[in-house]
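Consider the two complexes below, in which chain A is the common component and chain B and chain C are the respective partners.
After this line comes the complex of A and B, so read on.
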C-alpha cells in the first residue's frame, strides 16, 4: 500500500489519503485526512512536510486528536491526571490504574507553533506576568485559562526542585490561579560521597541510595493521591504490569531510533521521529494506542530499512540534535539543508531506557526519575550526549536552544564544548522560537553551513 | 575561462572574477544591496563584464553566496558564506586559523584547521548587536556617515560603556549618553567595544591565532583594535576585507568546474 518514501505537503497528503482509502486502508477511530486539522486552527500544518506512509498518518492523527481522547475518557468516567514537568514517571503509575488517564499539560508549549500564534495563549501568559523571558511552555497557562485545548485535570502533579526554574515559576503562577498542584520534589542528583551507598541508575548515571529513597518517598505521596483519585489501591503487582507496558513503548522506541538513525538511507523523517519520541513521556493520553502507533511506525521503518529505501540522499550529513524545537518546521529545514537526523537528546533520554524490573517498582520509578538528565550536572548530560553521538556516528551536532528556557542557556555551552573537545565535531548552537518564518533564511544558512562543514570533513 | 563569485550580502553585493588557474583576480565590483537582489546582482555582473571587456561566454561557472544567495538566478550553484570565507581566506592568508567576519547584518567566527578547512563556526543569533547594523545605528543617531566613524573613534580617550546585548537597548543608552553631554567620539568608541565584546562572547574560550578580520566592518578604522583589545590577541585585516566571500565563491566555482570537467 505504501510507495517509495518521500515527504509530501498537506495537499499531496489529501490526494494520497484518497488513494489509500480507495485501496482499502483501515483506520483507527481518530483517522481521517490530515488537512481536517487545519479547520481546527492547526495552520502550521500547511507549512510542514510529512512522511507519506499510513503509519506516519496514524501518528499525526493520534497526536492531533488528544483533546478528543481526553474528553472521551472523562465522559466514560475516567479521571484525568495532569502530570507536569514529568518526563515519564507519574504517567507510568497513572496508567497502571485502568480508570486513570494521564496527560502532559506542558505539551501546550507546541500550541503557539501548531496554531501559528493565533490562540492568544502567550498573550494570556503575558497578562499573568509570565512574559517572553520565559520558555514557550508558558502557553500552558493560557490553555488552563481558556480550557480550550485540554479539559481541566482532576489531579495536577508537578515535580519541583532540580527542574527548570522557569517552569517552576510558571507552575507556581498556575497554582496561584486556583489550580491546586501536588508538588513532589526531585533533588539535584549528586555523586555519592565516599562511604555512601552508590547506585548506578538506568542510563549509567550514579546517585546515592539516600537520594533514591527520598524520591521514592516523594513518589509514594503521588501514588497515594493517584489511589485516592482512582478509588482503588495500586499494588506492586499492578504497578509492575504498568511498568512492563511502559517498557513496551520504550522498547519500540529503542528499535525505532536504532533503525532510523543507523540505516544507510534515512527511513523516517526527523519530524515524525520527534513526534514518536515524545510519546515515551506522555503516551498522548492512550498508552495502548501508543503501542499500536509505534508498532506500525516500526514496521514501516523496518520495511524501508530492509528494502534500502529512504527519503533523503545517501550522502546527507549525519546530524545529532540536542533539545526539542519550539517550531516543528525546523525538523523539515534540517533535511532541506542536506542534513539527516542520526541521534537525538530531547531532554528525556532517560525515558527511553527500560525501567528496571528486578527491583521493587517504586524504587525502580525513583531511579528513573533521578536518571533524568536535567536533574543532574550539565556535565553528566553532556557525557551521555557524547556517548550517543559516538554510538550513532554523528558528523555534526546541533544544540538547539528554547527561548527563555533556563536550562538551555546554562547547559548549551557546556554540551557544545564537551562535544568539540571529545568528539572534535562541528557544533552549531541555534535558537528556535515558536515560529521561525522570519528567521528562516539565517537559520537555513547555519544549517547549510553545518552540512557543508560535515561533508567537507569526509574528504580530509 | 573566467569564474565568478557573487556575495549577496545584506548591505552590499560583491562580485569577484578570477582567471582559470585561480591565481589572479581579473575584476571585482560592489554595489549597494536592494530589494530586487537577483536583478541588482545580474546588473552588477553584466556591468563588471562589460567594463573589463570580458564576454559572457568566457565565464565558466558562477557561484553565489551570502544572505541573498538563493535569489541570484544567474548563479549555477550556491554555497554558504561560511565555506566561501574559509576558501577566500585560505587563498589570501593561508596560515589563518580563525576568521572574524562582521557584515551588515550578521557576524561570524569561523575556526579553520591547518588545511584551511572549516573546523567549526558560530554566528550571531537574532540580535544585531555584534554587526555593522550597530554602527549604522550610531552613525544615524550622530548624523555622520558610517565611513567617518573610525576617525571619530580614534579621537576618544575614554570610550563609553554601552550594552552589547541589544541594539535597540543600546540606542536608548546612546540617547541617554548624548543627553548627558558625553562626547560623540567616546560613544562611537564604546559601540566599537560593544561589538568586539559580542564577538568575544560568540567565540567562547578558544580563539586560535592567526586571526583575520573580514567583512565590510573590517574597513572601519579602529574596529580591529577594539577586537584585538577584547580578544587579547593580534587581529589582522584581510587584504580584501569586503571581497573575501566573493573571492572564495569564485575559487569554489573554479574548483567545482574542475571536478565536473567543465
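After this line comes the complex of A and C, so read on.
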C-alpha cells in the first residue's frame, strides 16, 4: 500500500490520503486527512514535512486528537490526572487504574509552535508576569486560563526539588491562580557515600538506598491521591500490571529507536521519531492506542530497514540531538541540511528504560523517578549521552537550548566538554524558539557547517 | 580556624561552628573573576558570582544548596573549577510533610559527616546546644541605612550582592526608609529565634526546625512566604514595596506579578543583571518616581 518512503507536505498528504483510502486503508476512529487539523488552528502543519506511511499518518492523527480523547474520557466518567514536570512516572501509576486518564499539561509548550502563536497563550502568560525569560512551557498557564486546549484535570500533580526553576515557578503561579497541586519532592540524585547502601538504577546511575526510600514515600502520597480520585485501590498487583504495560511501550520504542538510528538508510524521519518518543511520557492519553500506534510504526520501520529503503542520502551526517525542540520544524531543517537523527536525549531518557519488575512496584517506580538524568549532576547526564552516542555511532552532536529554560544555561557547556573529551566529536549548541522562521537561515548555516565538519572528519 | 564558606540561608552556621570550623556566609561583591563560571546568557548572576568568588576564597570547604536550580547546576562547575572540597546540601522544596523535614535533618547529618572528613569533630548534644546559645546574640548579617525619616518601605526579593546594596542607599537618598529587608540576604533569610527549652531537649532537631522554617519563593507551595510577608508588613508599617530580582532568577521573577495582585500597596519591580552595569541614574529616577506616589 505504501510506496517508496518519501517526505511530503500537507497538500501532498491530502492526495496520498485519498489514494490510500481508495486502496482500502483502515483507520482508527480518530483518523482522517491531516489537513483537517489546520482548520482547528494547527497552522504549523502547513510548513512541516511528513513521512508518507499510513503508520506515520496514524501517529500524527493520534497526537493531534488528544484533546478530543480527554474530553471523551471525561464524558465517559473517567477522572483526569494532570501530571506536571515528572516525565514518565505518575502516568504509569495512573494508567494502572482503568478509570483514570493521565496527561501532560506541560505538553502545551508546543501549542505556540503548532498554532504559530495564534492562540494568545504566551500573551496570557505575559499578563500573569511570566514573560519570555521563561521557557515556552509558560504557554501551559495560558492553556489553564483559557481552558481551550485541554479540560481542567481533576487532580494536578507536580514534581519539585531537583527540577528546573522556570517550570517550578510557572506551576507555583498556576497554584496561586487557584489550581490545587499535589507537590511531590524529587531530591537531587547524589552518589552514595561510604557506608551507604548503593543501588544501581535503571539506566546505570547509582543512588543511595535512602533516597530511593524517600522518593518511594513521596510516590506513596501520589498513590493515595490517585486512589481517592479513582475510588479504588492501587495495590501492588494492579501496579505491577500497569508497569508491565508501560514496559510494552518502552520496549516498542527501544526497538524503534534502535532501527531508526542504526539502519543504513534512515527508515523514519526525525520529526516522526520525536513524536513517537514523546508518547512514552504519558501515552498521549490512551495507553492502549499508544501501543497500537507504536506497533504500527515499528512494523513500517522494520519493513523498510529489511528492504533497505528509507529517507535521506546514505551519507547523511549522523547527528545525536540533545533536548527537545520548541519548533517541530527544526527536525525537518536538520535533514534539509544533510543531517540524520542518530540518537536523542529529549530530557526523559529514563522514561525509555524498562521499569524493573523484580522488585516491589513502588520501589521500582521510585528508582525510575530517581533515574531521571535531569535530577542529578549534568555530568551524569553527559555520561549517559556519551554512552548513547557510542551506541548509535553518531558523528556529531547538537545541544538544542530551550529559550528561557534554567537548565540550558550551564548544561550545554558540560555536555559539550564531555562529548569532545570522550568522543572527540564536534558539538554545536543552538537555540530553537517556538517559531524558527525568522532565524531559519542562521540556523541552517550552522547546521550545514556541522554536517560538513562531520563529513569532513570521515575522510581523515 | 578553618573556614567553611556558603551563601544560602538554609545552611546553619551553628552546625558548622559546632564542628570546629568558622562559618562564613559569603555574599558576593562580585569580583571580576570568572575562573569557575563564565558570563553566560541564562545563568543567574548571583549564582555565577558566588561560585567565582567562593573559589577564590581561602576556605577549607564550600557548601552549596539545591534551593534553586541555578545553584544546583552551578555546583557542577564548582566541583571542576576548584580543588576546595564542596558539598551540595539537598534542601527540600516541599515543607509540609514530615518526610521533607526529616530529609532536611538527614542532610544536616550528612553535612556533618562532610565536615568531619575535613577535619572537624562531631559535636555532642551539649556542645551543639552551647554553640547554638552562643550564636543567639550574634548580629544580623545586614545593615540597612539608618534613616529615621522617610516613607517606610520594604525591600523584597532574593539575595542581593554587596555591590547592589546601593539600592538601599538610593532609597534613603530619595526619601524612603527601609523598615523591612525581606531579601534573602536580609531579615527574611534569618532563622527564627531558638527555643532554649527545645535546645535542651534535642538541639539538632531544634536547629533543623528553626532553619527549615525560613520562608522562600522557591518552597512549594510558597504560601509561607506570603504568610510571613503579611505579618512583617503589618508589624513594620511598610507602605510600599521595592521588589528586586536578578535576571534569570525565575523563582523571584515569577512572584512579582503575584505580589502586586496580593498586596494592597504600591510595588516597584526592579531587575538587575548583576554584572556591574547597573545604571544608578536610571535606578534613582525610578525610585524617586515611586516615592513621589506617596506624597
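Just so we're on the same page, the second predicted complex is superposed on the first by the 460 of 460 C-alpha atoms of A that agree within 3 Å, B and C clash if a C-alpha of one lies under 4 Å from a C-alpha of the other, contacts with A are read in each partner's own complex, and residues count from 1 in each chain.
Following the convention adopted for this analysis, a contact is a pair of C-beta atoms (placed from the backbone, for glycine too) under 8 Å apart; a residue touches a chain by one contact, two chains touch by 3 or more.
All values derive from a computational prediction rather than experimental measurement.
In the superposition on chain A, A:423 makes contact with neither chain B nor chain C.
Set against each other, chain B and chain C touch different numbers of residues in chain A, with C touching more. Contacts of A:441 after superposition: chain B is touched, whereas chain C is not reached.
Of the two partner chains, chain B and chain C are each touched by A:413. Shared-chain residue A:175: touches chain C; no touch with chain B.
Of the two partner chains, chain B is the only one touched by A:456; chain C is not. Shared-chain residue A:284: touches no atom of chain B or chain C.
Within chain A, the residues touched by chain B in the first complex and by chain C in the second are 413.
Looking at the complex, you find that chain C touches chain A at residues 37, 40-44, 66, 68-70, 72-77, 88, 90, 92-94, 97, 99-100, 103, 106, 110, 113, 217-218, 220-222, 247-251, 253-258, 260. Interface of chain B with chain A (complex): residues 67, 79-83, 106, 113, 115, 117-123, 125-126, 204-205. Taken in their complex, chain A has these residues touching chain C: 128-131, 133-134, 158, 160-166, 168-173, 175-176, 181, 183-185, 187-188, 190, 193, 210, 214, 217-218, 221, 377-379, 401, 404-411, 413-414.
Taken together, the chain A residues at the contact with chain B in this complex read 413, 417, 420, 426-431, 439, 441-442, 445-446, 448-449, 452-453, 456-457, 460.
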